[in-house]
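Here chain A shows up in two complexes: once beside chain B, once beside chain C.
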Partner chain A sequence: MSQSYDRGLVEDFGRWREFSAGMWAWVFHKFTGWVLVGYLFTHIAVLSTAISAAGQSSEVIAANNDVYTTVIVTLESLLVVRILEVGLLAVAVFHILNGCRLLLVDLGVGLDSQDKSFYASLILTGAIVVASVPTFLAGVF
Partner chain B sequence: MSTQVPETETETEAETDVEHSEPLAPAQEERMRKKAEGRAEREERARREAEERANAEEDTYHLKVFRFDPEVEGKQEPRFDDFHVPFKKGMTVLDALIYARDTFDSSLTFRHSCRQAICGSDALFVNGRQRLGCKTQLSDLDEPVRVEPLPHADVEKDLVVDMDHFYDQMEAVEPYFDADELPDGELEEQRQSRANREKVKMSTRCIWCGACMSSCNIAAGNNEYLGPAAINKAYRFAMDEREGEDRKQHRLNIIEQENGVWRCQTQFSCTEVCPKDIPLTEHIQELKREAVKNNLKFW
Partner chain C sequence: MAERYSSFEKGGRRWLWQRITAGFLVVVLAFHFFLLHFVNHADEVTFAMSSARMESLAYYSLMVLFLITATFHGVNGVYNALENQGLTGTPKRVVKYTLIAASLVLVVQGIRTANAWAGLPTF
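Let's turn to the complex of A and B:
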């Protein structure tokens, strides 16, 4: 309600320490949503190398030397990319689980335990991400 | 709510020494008397010191109160004042503020009226949360207790904020009962079914304190947004079956506009802070569903 008025200490950014579960859920949902939108662009950029790869001769494709395969293999050999993939999974899983929570909220189901379902989605995200680490990081070291 | 125990008189009993029953030599007696006097004095001093220490440490609460006064030159810069208020059992934040104002600084300004969580005057930002001063026990809070005016509202002075915008939003949803059809007889009652009364029960409890509006992140950045309290008011009347279809349609038209229910992003901040425990988010969500149902047509 007051954009033009500086109240100093009352409205500073340090207030995040006082956020409750619902607020954190919203913040994380926004954040993961934007990360996923950002990923969409890189995803399309990488996959679109398949267009130029399709124009290459069949021998090159059979020898796995086409643009698309080279790009994918190069990316997957980088440790940074593997770690980013784990992060991507974390972001996607949280967004999915919290999305289900929001679906329940929209339907008016279990609004009293919305904080518990947020914690549950956090824990579940953590578990899934930890379990995925061996798969994602295998063979890169 | 103020639940102070009535003050009780503490009696200090004068101790009488009845040790010396048999007579002693005058010099000895004199010495004994001096010794006893010295002892009594030491004990008295120790007792007084202990009392002072107890007063200073346990029995006072440290309040840090936001101060700001645009009309006084030296007070235009927002600052925090410290008050050490003697604690009584059952003391609320409002009681402490009243004590601080009456005892330490009569220029300390805040709204209060009923002191029992009905008038909705004293919504404050206490230790990082919107609370009613009269409903918050000091003993539940960590020291120092930070008392600030409601965030996202213009401060007029100290803890007093401008409520005009909040009231405008409340009035925008036409918060009064207005039935399509009145009963025939002059003295006929407009009866509500028990089930319907139960449905709107929680929403009728709003005391217009503005705590929810202040806690809402969306309302903070968007002055057009009706805000949780106003939508809750709209819910109270839109769900009232006695008003009739036309009226309900009109109410839905108000709340389903761009800055009506659809601005809510279910952060649950309002539900979290509401001093009357109104399930605000639940009501907003139900109105969203009503709005969708109202506009979905299958043909």
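Let's turn to the complex of A and C:
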């Protein structure tokens, strides 16, 4: 016999004090998903400068003075962009790790330790992000 | 017997595609981040280097597939989230076709960009 679980209205964030690990996993997965899809559109918009750059002369491209290279180098010289990239890494790593957890749950693997795997996703995300900070901030100061 | 409590539509396959694309994206997104932040640093990106990568058919096709799967996964995720919020009727149809249009624009623009690097027509 199938069982149902009424999770209540998670969208009512006033209930956040009552949220269990599973609720937080759901909220974080949605939040990181919204950020990533927003970034995807922004990312393609920025990379589209390559279309203009392709029309520039080979001398300009060889000298790295084309519009695409200039835009990327200028953005990467800004500390705020580097910090946002670290944030993007955090969001992407959590979404990947929690997504792997969801795939396993869908396959019926580890159903009894869903809360533990959520905490493991959070800790691993933190560790990967902290370890990546030097690489992401290199050369900006 | 318990009532059916689910936001999945019966007979739908979008949930399956969401998971298939997830499995692909886990690997390719990790590869993308690693290649463009750890192997090649983002501040060292140039048009010439991006071109050199994109001129390889294997890399070009992987990136186009990455674009299509990421767009589907992201936009379908947005649609699912809005469905979860209780979106129904005409607003749901408007959102659906807006998201489909946005996806098409994104994929076409992404392919034009990839073509610009690969030296192919940007139509």
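Points to keep in mind about this one:
Keep this in mind: the second predicted complex is superposed on the first by the 127 of 141 C-alpha atoms of A that agree within 3 Å, B and C clash if a C-alpha of one lies under 4 Å from a C-alpha of the other, contacts with A are read in each partner's own complex, and residues count from 1 in each chain.
Simple rule for what comes next: a residue touches a chain if its C-beta (ideal position, glycine included) is under 8 Å from a C-beta of that chain, and two chains touch if they have at least 3 such contacts.
Note that this is a predicted model, so its numbers are computed, not measured.
Of the two partners chain B and chain C, more chain A residues are in touch with C. When both complexes are overlaid on chain A, the residue A:Gly108 reaches chain B alone and has no touch with chain C.
In the superposition on chain A, contact of A:Asn64 is made with chain C only, not with chain B.
Of the two partner chains placed by the overlay, only chain C lies in contact with A:Leu36; chain B stays clear of it. Contacts of A:Phe94 after superposition on the shared chain: neither chain B nor chain C is touched.
Using the contact criterion defined above for the overlaid structures, shared-chain residue A:Phe28 touches neither chain B nor chain C, since it reaches no partner. By the touch criterion stated above, A:Thr135 is placed in contact with chain C alone, chain B being left untouched.
Of the residues of chain A, those at positions 1-3, 5, 11, 102, 106 touch chain B in one of the two structures and chain C in the other. Within the complex, the chain C residues that touch chain A are 1-5, 19, 22-23, 25-26, 29-30, 33, 37-38, 41-43, 45-48, 50, 67, 70-71, 74-75, 77-78, 81, 84-85, 102, 106, 109-110, 112-113, 116-117, 119, 122. Touching chain C in their complex are the following residues of chain A: 1-6, 11, 30, 33-34, 36-37, 40-41, 44-45, 47-48, 50-51, 53-54, 61-62, 64, 66, 68-69, 72-73, 76-77, 85, 89, 92, 96, 99-100, 102-103, 106, 132, 135-136, 138-140.
Taken in their complex, chain A has these residues touching chain B: 1-3, 5, 7-11, 15, 17-18, 20-23, 25-26, 102, 105-108, 111-112, 114-115. By the touch criterion stated above, chain B contacts chain A in their complex at residues 66, 78, 80, 125, 128-129, 148-149, 151-155, 165-166, 213, 217, 219-221, 223, 265-269, 271-272, 279, 281-282, 285-286, 288-289.
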